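Shared between the two complexes below is chain A, which pairs with chain B and chain C, respectively.
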Partner chain A sequence: MGDKAIMATVWLDGCSGCHMSFLDIDERLIELADLMTLAYSPLVDTKDFPEMADVTLVEGAVSSEDDLAKIRKVRAHTKTLVSLGDCAVTANVPGMRNPFLTEDLYDRAYIENADANQHIPVNVIPPLRPNSYPVHQVVDVDVFVPGCPPSADTIFYVVSELLAGRQPDLSGRSRFGA
Partner chain B sequence: MGRTITIDPVTRIEGHSKITIQLDDSGHVADARFHVTQFRGFEKFTEGRTFHEMPSLTARICGICPVSHLVASAKTCDQLMAVRIQKRAKICAAS
Partner chain C sequence: MQDLAIEIGMTHVEVPYLYPILPIDASHNRFVIDHNRCVLCRRCVRVCGEIEGAHTWDVMGRGHKSRVITDLNQPWGDSESCTSCGKCVQVCPTGALFEKGKAVAEMTKRREFLPYLQSLRED
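Right, the complex of A and B next:
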(Lines of atoms letter the chains of each structure in order from A and count residues from 1; the text may use other names and numbers.)
(Lines give C-alpha, C1' and ligand atoms only; values in the text may rest on other atoms or scores of the structure.)
Protein backbone atom coordinates (compact mmCIF):
# COMPACT_ATOMS: atom_id res chain seq x y z
CA MET A 1 0.00 0.00 0.00
CA GLY A 2 2.91 2.38 -0.52
CA ASP A 3 4.44 4.44 2.22
CA LYS A 4 1.46 5.49 4.28
CA ALA A 5 -1.94 4.00 3.56
CA ILE A 6 -4.91 6.27 3.10
CA MET A 7 -7.74 5.49 5.46
CA ALA A 8 -11.25 6.84 5.83
CA THR A 9 -14.19 6.21 8.10
CA VAL A 10 -17.84 7.08 7.50
CA TRP A 11 -21.00 6.79 9.49
CA LEU A 12 -24.32 6.11 7.89
CA ASP A 13 -27.32 5.23 10.07
CA GLY A 14 -25.60 4.29 13.32
CA CYS A 15 -25.10 5.68 16.80
CA SER A 16 -21.38 6.53 16.50
CA GLY A 17 -20.63 3.85 19.10
CA CYS A 18 -18.45 2.01 16.60
CA HIS A 19 -16.43 5.18 16.07
CA MET A 20 -16.10 5.58 19.83
CA SER A 21 -14.79 2.03 19.98
CA PHE A 22 -12.29 2.95 17.26
CA LEU A 23 -11.13 5.86 19.44
CA ASP A 24 -10.90 3.46 22.39
CA ILE A 25 -7.82 2.03 20.65
CA ASP A 26 -6.25 4.84 22.71
CA GLU A 27 -2.47 5.18 22.50
CA ARG A 28 -2.26 2.52 19.82
CA LEU A 29 -3.79 5.12 17.49
CA ILE A 30 -0.31 6.64 17.45
CA GLU A 31 1.06 3.34 16.13
CA LEU A 32 -1.62 3.38 13.44
CA ALA A 33 -0.88 6.99 12.60
CA ASP A 34 2.63 5.88 11.58
CA LEU A 35 1.08 3.51 9.06
CA MET A 36 -1.83 5.49 7.71
CA THR A 37 -3.31 8.92 7.16
CA LEU A 38 -6.90 9.37 8.23
CA ALA A 39 -7.93 11.34 5.17
CA TYR A 40 -11.67 11.53 5.78
CA SER A 41 -13.81 10.81 8.83
CA PRO A 42 -16.45 12.36 11.09
CA LEU A 43 -13.52 12.68 13.50
CA VAL A 44 -11.57 15.04 11.23
CA ASP A 45 -12.57 18.20 9.40
CA THR A 46 -11.90 17.32 5.75
CA LYS A 47 -15.11 17.59 3.74
CA ASP A 48 -14.01 15.70 0.61
CA PHE A 49 -13.55 11.97 0.28
CA PRO A 50 -10.09 11.03 -1.06
CA GLU A 51 -9.64 9.99 -4.70
CA MET A 52 -8.82 6.45 -3.53
CA ALA A 53 -8.80 5.23 0.05
CA ASP A 54 -6.95 1.99 0.79
CA VAL A 55 -9.26 1.12 3.67
CA THR A 56 -12.64 2.60 4.65
CA LEU A 57 -14.49 1.62 7.81
CA VAL A 58 -18.26 2.01 7.46
CA GLU A 59 -20.46 2.31 10.52
CA GLY A 60 -24.24 2.15 10.30
CA ALA A 61 -26.97 0.82 8.06
CA VAL A 62 -28.19 2.30 4.78
CA SER A 63 -31.46 3.99 5.70
CA SER A 64 -31.85 7.21 3.73
CA GLU A 65 -31.32 8.38 0.17
CA ASP A 66 -28.28 10.27 1.48
CA ASP A 67 -26.82 7.10 3.02
CA LEU A 68 -27.26 5.33 -0.30
CA ALA A 69 -25.61 8.10 -2.32
CA LYS A 70 -22.78 8.33 0.22
CA ILE A 71 -21.99 4.61 0.34
CA ARG A 72 -22.01 4.32 -3.47
CA LYS A 73 -19.52 7.15 -3.69
CA VAL A 74 -17.39 5.70 -0.90
CA ARG A 75 -17.39 2.26 -2.57
CA ALA A 76 -16.25 3.77 -5.86
CA HIS A 77 -13.30 5.42 -4.10
CA THR A 78 -12.25 2.62 -1.74
CA LYS A 79 -10.08 -0.46 -2.26
CA THR A 80 -11.04 -2.39 0.90
CA LEU A 81 -14.45 -1.62 2.34
CA VAL A 82 -15.09 -2.76 5.91
CA SER A 83 -18.60 -3.13 7.37
CA LEU A 84 -17.87 -2.11 10.95
CA GLY A 85 -20.37 -3.17 13.58
CA ASP A 86 -23.77 -4.82 13.59
CA CYS A 87 -25.64 -1.88 12.05
CA ALA A 88 -23.45 -2.09 8.95
CA VAL A 89 -23.42 -5.90 8.93
CA THR A 90 -27.12 -6.65 9.63
CA ALA A 91 -28.94 -3.25 9.88
CA ASN A 92 -29.30 -4.05 13.61
CA VAL A 93 -31.14 -1.32 15.55
CA PRO A 94 -31.95 0.92 12.53
CA GLY A 95 -33.45 -2.17 10.87
CA MET A 96 -35.98 -2.52 13.68
CA ARG A 97 -38.12 0.06 11.91
CA ASN A 98 -38.49 -2.15 8.84
CA PRO A 99 -41.88 -3.67 9.82
CA PHE A 100 -43.33 -0.12 10.02
CA LEU A 101 -44.35 2.32 7.34
CA THR A 102 -42.11 5.39 7.31
CA GLU A 103 -45.21 7.62 7.61
CA ASP A 104 -46.06 5.93 10.90
CA LEU A 105 -42.52 6.53 12.21
CA TYR A 106 -42.72 10.23 11.35
CA ASP A 107 -46.23 10.53 12.76
CA ARG A 108 -45.25 9.07 16.11
CA ALA A 109 -42.15 11.25 16.47
CA TYR A 110 -43.23 14.56 14.97
CA ILE A 111 -47.02 14.67 15.44
CA GLU A 112 -48.30 12.39 18.22
CA ASN A 113 -45.34 12.92 20.54
CA ALA A 114 -44.73 16.58 19.77
CA ASP A 115 -45.83 19.04 22.43
CA ALA A 116 -45.36 21.98 20.10
CA ASN A 117 -44.75 22.78 16.47
CA GLN A 118 -46.26 19.58 15.11
CA HIS A 119 -45.04 19.04 11.59
CA ILE A 120 -43.03 16.53 9.65
CA PRO A 121 -39.75 18.11 8.54
CA VAL A 122 -39.48 18.07 4.77
CA ASN A 123 -36.20 19.64 3.81
CA VAL A 124 -34.03 18.86 6.79
CA ILE A 125 -34.18 15.10 7.06
CA PRO A 126 -32.94 13.18 4.04
CA PRO A 127 -35.84 11.04 2.75
CA LEU A 128 -35.89 7.61 4.38
CA ARG A 129 -35.90 4.57 2.15
CA PRO A 130 -38.76 2.15 2.86
CA ASN A 131 -36.32 -0.14 4.69
CA SER A 132 -32.98 0.08 6.41
CA TYR A 133 -30.43 -2.22 4.75
CA PRO A 134 -27.10 -3.76 5.69
CA VAL A 135 -24.29 -2.19 3.67
CA HIS A 136 -23.61 -5.33 1.58
CA GLN A 137 -27.18 -5.26 0.31
CA VAL A 138 -26.37 -2.16 -1.74
CA VAL A 139 -22.61 -2.32 -2.44
CA ASP A 140 -19.87 -4.97 -2.29
CA VAL A 141 -18.23 -5.31 1.11
CA ASP A 142 -14.76 -6.83 1.58
CA VAL A 143 -14.55 -7.37 5.35
CA PHE A 144 -17.31 -7.87 7.94
CA VAL A 145 -16.71 -6.99 11.58
CA PRO A 146 -19.71 -7.82 13.77
CA GLY A 147 -20.22 -6.41 17.27
CA CYS A 148 -22.31 -3.65 18.82
CA PRO A 149 -19.82 -2.15 18.93
CA PRO A 150 -16.83 -4.36 18.04
CA SER A 151 -14.23 -4.00 20.80
CA ALA A 152 -11.31 -1.62 20.43
CA ASP A 153 -8.97 -4.64 20.38
CA THR A 154 -10.91 -6.16 17.50
CA ILE A 155 -10.86 -2.92 15.52
CA PHE A 156 -7.14 -2.45 16.16
CA TYR A 157 -6.51 -6.01 14.98
CA VAL A 158 -8.61 -5.59 11.83
CA VAL A 159 -7.02 -2.28 10.86
CA SER A 160 -3.47 -3.51 11.61
CA GLU A 161 -3.97 -6.63 9.50
CA LEU A 162 -5.44 -4.71 6.59
CA LEU A 163 -2.66 -2.12 6.69
CA ALA A 164 -0.15 -4.99 6.66
CA GLY A 165 -1.86 -6.29 3.53
CA ARG A 166 -3.39 -9.33 5.25
CA GLN A 167 -6.99 -10.49 5.48
CA PRO A 168 -8.03 -10.41 9.15
CA ASP A 169 -9.29 -13.68 10.62
CA LEU A 170 -12.15 -12.72 12.91
CA SER A 171 -13.04 -16.17 14.17
CA GLY A 172 -13.36 -15.99 17.94
CA ARG A 173 -12.60 -12.27 18.04
CA SER A 174 -16.02 -10.70 17.73
CA ARG A 175 -19.63 -11.76 17.57
CA PHE A 176 -23.01 -10.15 17.04
CA GLY A 177 -23.99 -7.90 19.90
CA ALA A 178 -20.54 -8.22 21.54
CA MET B 1 -32.07 37.01 -0.38
CA GLY B 2 -28.31 36.66 -0.55
CA ARG B 3 -26.05 33.66 -0.45
CA THR B 4 -26.54 30.54 1.71
CA ILE B 5 -23.42 29.06 3.31
CA THR B 6 -23.74 25.34 4.05
CA ILE B 7 -21.44 23.44 6.39
CA ASP B 8 -22.12 19.78 5.71
CA PRO B 9 -21.37 17.57 7.49
CA VAL B 10 -20.57 19.06 10.85
CA THR B 11 -17.70 16.95 12.14
CA ARG B 12 -16.38 15.99 15.59
CA ILE B 13 -19.86 15.65 17.06
CA GLU B 14 -22.04 12.60 17.50
CA GLY B 15 -24.63 12.18 14.85
CA HIS B 16 -25.47 13.77 11.59
CA SER B 17 -25.99 17.43 11.13
CA LYS B 18 -25.41 20.40 8.94
CA ILE B 19 -25.44 24.13 9.46
CA THR B 20 -26.91 26.62 7.02
CA ILE B 21 -26.20 30.32 7.27
CA GLN B 22 -28.42 32.60 5.23
CA LEU B 23 -26.91 35.93 4.25
CA ASP B 24 -28.95 38.96 3.25
CA ASP B 25 -28.26 41.09 0.16
CA SER B 26 -25.62 43.12 1.95
CA GLY B 27 -23.78 39.98 3.08
CA HIS B 28 -24.84 40.06 6.71
CA VAL B 29 -26.18 37.02 8.50
CA ALA B 30 -29.97 36.97 8.30
CA ASP B 31 -30.57 33.50 9.70
CA ALA B 32 -28.53 30.53 10.92
CA ARG B 33 -29.87 27.03 11.38
CA PHE B 34 -28.54 23.82 12.84
CA HIS B 35 -30.12 20.80 11.13
CA VAL B 36 -30.18 17.35 12.66
CA THR B 37 -30.30 15.08 9.65
CA GLN B 38 -30.74 11.60 11.08
CA PHE B 39 -34.04 9.95 11.96
CA ARG B 40 -34.38 6.32 13.03
CA GLY B 41 -37.88 6.14 14.50
CA PHE B 42 -37.11 4.86 18.02
CA GLU B 43 -40.36 6.51 19.12
CA LYS B 44 -42.29 4.00 17.04
CA PHE B 45 -40.24 0.85 16.71
CA THR B 46 -39.74 0.42 20.46
CA GLU B 47 -43.50 0.27 20.98
CA GLY B 48 -44.66 -3.12 22.17
CA ARG B 49 -41.19 -4.47 22.93
CA THR B 50 -40.51 -6.04 26.30
CA PHE B 51 -39.47 -3.50 28.91
CA HIS B 52 -36.21 -5.22 29.76
CA GLU B 53 -34.97 -4.72 26.20
CA MET B 54 -35.30 -0.97 26.53
CA PRO B 55 -32.10 -0.09 28.40
CA SER B 56 -29.99 -1.84 25.72
CA LEU B 57 -32.04 -0.36 22.90
CA THR B 58 -32.05 3.24 24.12
CA ALA B 59 -28.29 3.01 24.76
CA ARG B 60 -27.99 2.71 20.94
CA ILE B 61 -29.53 6.14 20.45
CA CYS B 62 -26.08 7.61 20.94
CA GLY B 63 -22.71 5.92 21.20
CA ILE B 64 -21.16 8.92 22.93
CA CYS B 65 -23.74 9.26 25.71
CA PRO B 66 -25.18 5.72 25.91
CA VAL B 67 -25.03 5.74 29.71
CA SER B 68 -27.54 8.56 30.18
CA HIS B 69 -30.07 6.79 27.94
CA LEU B 70 -29.43 3.45 29.59
CA VAL B 71 -29.81 4.76 33.14
CA ALA B 72 -32.94 6.78 32.28
CA SER B 73 -34.48 3.69 30.73
CA ALA B 74 -33.45 1.44 33.65
CA LYS B 75 -34.99 3.89 36.12
CA THR B 76 -38.22 3.87 34.12
CA CYS B 77 -38.23 0.07 34.21
CA ASP B 78 -37.79 0.21 38.02
CA GLN B 79 -40.82 2.47 38.25
CA LEU B 80 -42.87 0.27 35.93
CA MET B 81 -42.15 -2.67 38.16
CA ALA B 82 -42.83 -0.59 41.28
CA VAL B 83 -39.82 -2.14 42.96
CA ARG B 84 -37.72 -0.70 45.74
CA ILE B 85 -34.09 -0.47 44.66
CA GLN B 86 -31.26 -1.17 47.09
CA LYS B 87 -29.47 1.93 48.26
CA ARG B 88 -26.18 0.82 46.75
CA ALA B 89 -27.77 0.25 43.34
CA LYS B 90 -29.44 3.65 43.53
CA ILE B 91 -26.11 5.33 44.17
CA CYS B 92 -24.56 3.50 41.22
CA ALA B 93 -27.41 4.57 38.92
CA ALA B 94 -27.19 8.18 40.03
CA SER B 95 -23.45 8.51 39.55
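Right, the complex of A and C next:
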Protein backbone atom coordinates (compact mmCIF):
# COMPACT_ATOMS: atom_id res chain seq x y z
CA MET A 1 0.00 0.00 0.00
CA GLY A 2 2.82 2.37 0.98
CA ASP A 3 4.13 3.40 -2.44
CA LYS A 4 0.77 3.39 -4.18
CA ALA A 5 -0.71 6.69 -5.30
CA ILE A 6 -3.74 7.98 -3.39
CA MET A 7 -6.74 8.64 -5.61
CA ALA A 8 -10.19 10.07 -4.88
CA THR A 9 -13.33 10.85 -6.84
CA VAL A 10 -16.00 13.40 -5.89
CA TRP A 11 -19.61 13.67 -7.01
CA LEU A 12 -21.00 17.22 -7.03
CA ASP A 13 -24.00 18.35 -9.13
CA GLY A 14 -23.96 15.68 -11.83
CA CYS A 15 -25.92 12.59 -12.81
CA SER A 16 -23.22 10.06 -11.76
CA GLY A 17 -22.79 9.16 -15.42
CA CYS A 18 -19.10 10.05 -15.26
CA HIS A 19 -18.67 7.67 -12.33
CA MET A 20 -20.51 5.00 -14.32
CA SER A 21 -18.12 5.63 -17.20
CA PHE A 22 -15.21 5.29 -14.75
CA LEU A 23 -16.59 1.88 -13.73
CA ASP A 24 -16.87 1.00 -17.42
CA ILE A 25 -13.07 0.79 -17.44
CA ASP A 26 -13.99 -2.79 -16.45
CA GLU A 27 -11.15 -5.25 -15.93
CA ARG A 28 -8.56 -2.53 -16.40
CA LEU A 29 -9.65 -1.30 -12.94
CA ILE A 30 -7.57 -4.18 -11.57
CA GLU A 31 -4.60 -2.78 -13.45
CA LEU A 32 -5.27 0.64 -11.90
CA ALA A 33 -5.71 -0.90 -8.46
CA ASP A 34 -2.06 -2.02 -8.64
CA LEU A 35 -1.04 1.60 -9.07
CA MET A 36 -3.37 3.45 -6.74
CA THR A 37 -5.60 3.23 -3.70
CA LEU A 38 -9.08 4.71 -4.11
CA ALA A 39 -9.17 6.46 -0.75
CA TYR A 40 -12.40 8.44 -1.10
CA SER A 41 -15.28 8.13 -3.56
CA PRO A 42 -19.03 7.55 -3.79
CA LEU A 43 -17.92 4.08 -4.91
CA VAL A 44 -16.16 3.24 -1.63
CA ASP A 45 -17.16 3.39 2.03
CA THR A 46 -14.66 5.86 3.47
CA LYS A 47 -16.34 9.00 4.80
CA ASP A 48 -13.28 11.22 5.25
CA PHE A 49 -11.22 12.79 2.51
CA PRO A 50 -7.53 11.74 2.69
CA GLU A 51 -4.90 14.10 4.08
CA MET A 52 -3.42 14.47 0.58
CA ALA A 53 -4.70 12.80 -2.57
CA ASP A 54 -2.40 12.59 -5.59
CA VAL A 55 -5.25 12.64 -8.10
CA THR A 56 -8.90 13.59 -7.57
CA LEU A 57 -11.56 13.30 -10.27
CA VAL A 58 -14.48 15.72 -9.85
CA GLU A 59 -17.80 15.02 -11.48
CA GLY A 60 -20.50 17.70 -11.62
CA ALA A 61 -20.92 21.45 -11.34
CA VAL A 62 -20.71 23.48 -8.14
CA SER A 63 -24.38 24.24 -7.44
CA SER A 64 -25.00 24.26 -3.68
CA GLU A 65 -23.30 25.53 -0.54
CA ASP A 66 -22.44 21.92 0.19
CA ASP A 67 -20.75 21.50 -3.22
CA LEU A 68 -18.75 24.67 -2.59
CA ALA A 69 -17.54 23.59 0.84
CA LYS A 70 -16.70 20.13 -0.52
CA ILE A 71 -14.71 21.31 -3.53
CA ARG A 72 -12.72 23.83 -1.46
CA LYS A 73 -11.77 21.08 0.97
CA VAL A 74 -10.94 18.69 -1.88
CA ARG A 75 -8.76 21.30 -3.58
CA ALA A 76 -6.83 21.91 -0.37
CA HIS A 77 -6.10 18.18 -0.04
CA THR A 78 -5.37 17.29 -3.68
CA LYS A 79 -2.23 17.56 -5.78
CA THR A 80 -3.81 17.11 -9.24
CA LEU A 81 -7.46 18.07 -9.54
CA VAL A 82 -9.29 16.78 -12.63
CA SER A 83 -12.55 18.27 -13.91
CA LEU A 84 -14.23 15.13 -15.20
CA GLY A 85 -17.05 15.55 -17.69
CA ASP A 86 -19.03 18.44 -19.14
CA CYS A 87 -20.83 19.42 -15.89
CA ALA A 88 -17.50 19.96 -14.12
CA VAL A 89 -15.95 21.66 -17.18
CA THR A 90 -18.86 23.90 -18.29
CA ALA A 91 -21.71 23.50 -15.70
CA ASN A 92 -23.61 21.92 -18.62
CA VAL A 93 -27.09 20.67 -17.62
CA PRO A 94 -27.00 22.01 -14.02
CA GLY A 95 -26.07 25.38 -15.57
CA MET A 96 -29.29 25.48 -17.57
CA ARG A 97 -30.98 26.99 -14.52
CA ASN A 98 -28.59 29.94 -14.46
CA PRO A 99 -30.69 32.35 -16.55
CA PHE A 100 -33.41 32.05 -13.88
CA LEU A 101 -33.61 33.32 -10.29
CA THR A 102 -33.00 30.74 -7.55
CA GLU A 103 -36.29 31.75 -5.84
CA ASP A 104 -38.17 30.99 -9.06
CA LEU A 105 -36.52 27.55 -9.21
CA TYR A 106 -37.51 26.70 -5.65
CA ASP A 107 -41.02 27.93 -6.38
CA ARG A 108 -41.30 25.84 -9.52
CA ALA A 109 -39.94 22.67 -7.92
CA TYR A 110 -41.43 22.73 -4.44
CA ILE A 111 -44.63 24.82 -4.75
CA GLU A 112 -45.94 24.98 -8.32
CA ASN A 113 -45.20 21.37 -9.29
CA ALA A 114 -45.71 19.77 -5.85
CA ASP A 115 -48.90 17.77 -5.41
CA ALA A 116 -48.74 17.61 -1.63
CA ASN A 117 -46.89 19.22 1.28
CA GLN A 118 -45.91 22.32 -0.65
CA HIS A 119 -42.98 23.96 1.11
CA ILE A 120 -39.43 24.98 0.39
CA PRO A 121 -37.10 22.72 2.40
CA VAL A 122 -34.74 24.49 4.78
CA ASN A 123 -33.10 21.48 6.43
CA VAL A 124 -31.30 18.45 4.98
CA ILE A 125 -31.20 19.78 1.41
CA PRO A 126 -28.23 22.15 1.01
CA PRO A 127 -29.21 25.65 -0.19
CA LEU A 128 -28.52 26.40 -3.85
CA ARG A 129 -25.90 28.96 -4.89
CA PRO A 130 -27.22 31.75 -7.17
CA ASN A 131 -25.67 29.91 -10.15
CA SER A 132 -24.23 26.51 -10.99
CA TYR A 133 -20.54 27.06 -11.72
CA PRO A 134 -17.92 25.11 -13.62
CA VAL A 135 -15.40 23.78 -11.07
CA HIS A 136 -12.54 25.96 -12.37
CA GLN A 137 -14.57 29.09 -11.68
CA VAL A 138 -14.47 28.25 -7.98
CA VAL A 139 -11.08 26.56 -7.42
CA ASP A 140 -7.97 25.96 -9.55
CA VAL A 141 -8.25 22.92 -11.80
CA ASP A 142 -5.22 21.11 -13.26
CA VAL A 143 -6.69 18.84 -15.94
CA PHE A 144 -9.91 19.18 -17.97
CA VAL A 145 -11.63 16.12 -19.40
CA PRO A 146 -14.73 17.10 -21.39
CA GLY A 147 -17.36 14.58 -22.47
CA CYS A 148 -20.89 13.63 -21.45
CA PRO A 149 -19.66 11.32 -20.14
CA PRO A 150 -16.01 10.97 -21.16
CA SER A 151 -15.57 7.44 -22.50
CA ALA A 152 -14.10 4.72 -20.29
CA ASP A 153 -11.06 4.63 -22.60
CA THR A 154 -10.54 8.37 -22.14
CA ILE A 155 -10.81 8.14 -18.35
CA PHE A 156 -8.47 5.14 -18.27
CA TYR A 157 -5.95 7.03 -20.41
CA VAL A 158 -6.12 10.18 -18.25
CA VAL A 159 -5.81 8.30 -14.96
CA SER A 160 -2.98 6.09 -16.28
CA GLU A 161 -1.02 9.08 -17.54
CA LEU A 162 -1.49 11.03 -14.30
CA LEU A 163 -0.48 8.03 -12.17
CA ALA A 164 2.61 7.65 -14.36
CA GLY A 165 3.43 11.29 -13.62
CA ARG A 166 2.69 12.50 -17.15
CA GLN A 167 0.34 15.24 -18.35
CA PRO A 168 -2.41 13.65 -20.47
CA ASP A 169 -2.86 15.01 -24.01
CA LEU A 170 -6.59 14.99 -24.72
CA SER A 171 -6.51 16.06 -28.36
CA GLY A 172 -8.80 13.77 -30.34
CA ARG A 173 -9.83 11.76 -27.27
CA SER A 174 -12.89 13.55 -25.97
CA ARG A 175 -14.95 16.65 -26.60
CA PHE A 176 -17.95 18.51 -25.21
CA GLY A 177 -21.05 16.35 -25.61
CA ALA A 178 -19.11 13.26 -26.73
CA MET B 1 -16.86 22.15 -34.18
CA GLN B 2 -16.37 20.67 -30.70
CA ASP B 3 -13.67 18.41 -32.15
CA LEU B 4 -11.95 21.49 -33.55
CA ALA B 5 -12.03 23.15 -30.11
CA ILE B 6 -10.20 20.18 -28.58
CA GLU B 7 -7.79 20.00 -31.52
CA ILE B 8 -6.63 23.56 -30.87
CA GLY B 9 -6.30 22.79 -27.17
CA MET B 10 -9.40 24.56 -25.87
CA THR B 11 -10.46 22.22 -23.09
CA HIS B 12 -12.46 24.78 -21.14
CA VAL B 13 -13.71 28.39 -21.18
CA GLU B 14 -11.76 30.70 -18.88
CA VAL B 15 -14.11 33.68 -18.80
CA PRO B 16 -17.29 33.38 -16.73
CA TYR B 17 -20.40 32.47 -18.71
CA LEU B 18 -23.09 35.18 -19.01
CA TYR B 19 -26.21 33.00 -19.44
CA PRO B 20 -28.20 35.58 -21.44
CA ILE B 21 -31.82 34.90 -22.35
CA LEU B 22 -31.97 35.61 -26.08
CA PRO B 23 -35.04 35.86 -28.32
CA ILE B 24 -36.40 33.17 -30.65
CA ASP B 25 -37.91 34.39 -33.93
CA ALA B 26 -40.56 32.00 -35.26
CA SER B 27 -42.28 34.56 -37.45
CA HIS B 28 -41.20 32.88 -40.71
CA ASN B 29 -43.77 30.34 -41.85
CA ARG B 30 -41.19 27.59 -42.47
CA PHE B 31 -38.09 28.38 -40.41
CA VAL B 32 -37.10 29.45 -36.89
CA ILE B 33 -34.01 31.14 -35.47
CA ASP B 34 -33.07 30.51 -31.83
CA HIS B 35 -30.39 33.07 -30.96
CA ASN B 36 -29.52 31.10 -27.81
CA ARG B 37 -27.88 28.47 -30.02
CA CYS B 38 -26.13 30.86 -32.44
CA VAL B 39 -22.31 31.00 -32.26
CA LEU B 40 -22.04 33.81 -34.84
CA CYS B 41 -20.15 31.74 -37.41
CA ARG B 42 -21.89 33.81 -40.13
CA ARG B 43 -22.31 30.86 -42.50
CA CYS B 44 -25.96 31.91 -42.98
CA VAL B 45 -24.86 35.44 -43.86
CA ARG B 46 -22.41 34.13 -46.47
CA VAL B 47 -24.61 31.49 -48.06
CA CYS B 48 -27.51 33.94 -48.31
CA GLY B 49 -25.40 36.72 -49.84
CA GLU B 50 -22.89 34.74 -51.92
CA ILE B 51 -24.87 31.70 -53.12
CA GLU B 52 -28.54 32.66 -52.98
CA GLY B 53 -27.79 36.33 -53.67
CA ALA B 54 -30.57 37.55 -51.42
CA HIS B 55 -28.43 38.96 -48.57
CA THR B 56 -31.28 38.68 -46.09
CA TRP B 57 -28.90 37.83 -43.23
CA ASP B 58 -26.41 40.24 -41.68
CA VAL B 59 -24.73 40.92 -38.35
CA MET B 60 -25.72 43.67 -35.94
CA GLY B 61 -24.00 44.95 -32.79
CA ARG B 62 -20.52 44.51 -31.36
CA GLY B 63 -18.74 41.98 -29.15
CA HIS B 64 -21.00 39.77 -27.08
CA LYS B 65 -23.98 41.88 -28.13
CA SER B 66 -23.62 40.79 -31.79
CA ARG B 67 -26.61 39.04 -33.35
CA VAL B 68 -27.43 37.81 -36.82
CA ILE B 69 -30.42 39.73 -38.19
CA THR B 70 -32.80 39.47 -41.13
CA ASP B 71 -33.19 42.56 -43.31
CA LEU B 72 -32.94 45.67 -41.11
CA ASN B 73 -33.43 43.75 -37.85
CA GLN B 74 -37.03 43.01 -38.74
CA PRO B 75 -38.87 39.77 -37.90
CA TRP B 76 -37.83 37.04 -40.36
CA GLY B 77 -41.46 36.54 -41.38
CA ASP B 78 -41.69 40.19 -42.49
CA SER B 79 -38.51 39.99 -44.59
CA GLU B 80 -39.06 41.06 -48.18
CA SER B 81 -35.65 39.87 -49.40
CA CYS B 82 -35.90 36.27 -48.03
CA THR B 83 -36.65 33.76 -50.79
CA SER B 84 -37.37 30.94 -48.27
CA CYS B 85 -34.73 28.82 -50.05
CA GLY B 86 -33.58 27.30 -46.73
CA LYS B 87 -29.83 27.39 -47.49
CA CYS B 88 -29.15 29.16 -44.18
CA VAL B 89 -30.89 26.33 -42.33
CA GLN B 90 -28.79 23.73 -44.16
CA VAL B 91 -25.44 25.41 -43.37
CA CYS B 92 -26.17 26.26 -39.72
CA PRO B 93 -23.72 24.15 -37.65
CA THR B 94 -25.47 24.47 -34.28
CA GLY B 95 -29.18 24.10 -35.03
CA ALA B 96 -29.85 27.78 -34.29
CA LEU B 97 -31.64 27.86 -37.64
CA PHE B 98 -34.12 25.05 -38.05
CA GLU B 99 -37.17 24.01 -39.99
CA LYS B 100 -40.61 24.04 -38.38
CA GLY B 101 -42.48 20.78 -38.00
CA LYS B 102 -39.43 18.57 -37.40
CA ALA B 103 -39.68 18.21 -33.62
CA VAL B 104 -41.72 15.28 -32.31
CA ALA B 105 -44.35 17.50 -30.70
CA GLU B 106 -44.81 19.46 -33.94
CA MET B 107 -45.13 16.49 -36.30
CA THR B 108 -48.45 16.07 -38.07
CA LYS B 109 -49.35 12.40 -38.04
CA ARG B 110 -51.24 10.95 -40.98
CA ARG B 111 -52.99 7.98 -39.43
CA GLU B 112 -55.67 7.66 -42.15
CA PHE B 113 -53.88 4.76 -43.82
CA LEU B 114 -53.70 2.65 -40.66
CA PRO B 115 -57.31 1.30 -40.88
CA TYR B 116 -56.60 0.56 -44.56
CA LEU B 117 -53.57 -1.56 -43.65
CA GLN B 118 -55.62 -3.35 -41.05
CA SER B 119 -58.43 -4.07 -43.52
CA LEU B 120 -55.91 -5.57 -45.94
CA ARG B 121 -54.74 -7.94 -43.23
CA GLU B 122 -58.27 -8.99 -42.42
CA ASP B 123 -58.91 -9.87 -46.06
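Rule of thumb we're sticking to: the second predicted complex is superposed on the first by the 176 of 178 C-alpha atoms of A that agree within 3 Å, B and C clash if a C-alpha of one lies under 4 Å from a C-alpha of the other, contacts with A are read in each partner's own complex, and residues count from 1 in each chain.
We take it that a contact is a pair of C-beta atoms (placed from the backbone, for glycine too) under 8 Å apart; a residue touches a chain by one contact, two chains touch by 3 or more.
What you are looking at is a predicted structure, and each value in this text was computed from that prediction instead of being measured.
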Partner chain(s) touched by A:168 [first = chain B, second = chain C, both, neither]: neither
Partner touching more residues of chain A, whether chain B or chain C: B
Which of chain B and chain C A:144 touches, first, second, both or neither: second
Which superposed partner A:113 touches (first chain B, second chain C, both, neither): first
Partner chain in contact with A:50 - chain B first, chain C second, else both or neither: neither
First, second, both or neither for A:136, with chain B first and chain C second: second
Which of chain B and chain C A:93 touches, first, second, both or neither: first
On chain A, the residue positions that both chain B and chain C contact, one per complex: 99
Chain B contact footprint on chain A (complex, rising order): 11, 13-21, 41-45, 47, 63, 66, 92-94, 96-97, 99-100, 102, 104-109, 113, 124-126, 128, 148-149
Touching residues (chain side chain A, partner chain C) in the complex: 83, 89-91, 95, 98-99, 131, 134, 136-137, 141, 144-146, 170-178
Residues of chain B touching chain A in the complex: 8-9, 11-16, 35-41, 43-47, 57, 60-64, 66
Chain A-facing residues of chain C, complex: 2-3, 5-7, 9, 11-14, 16-17, 19-21
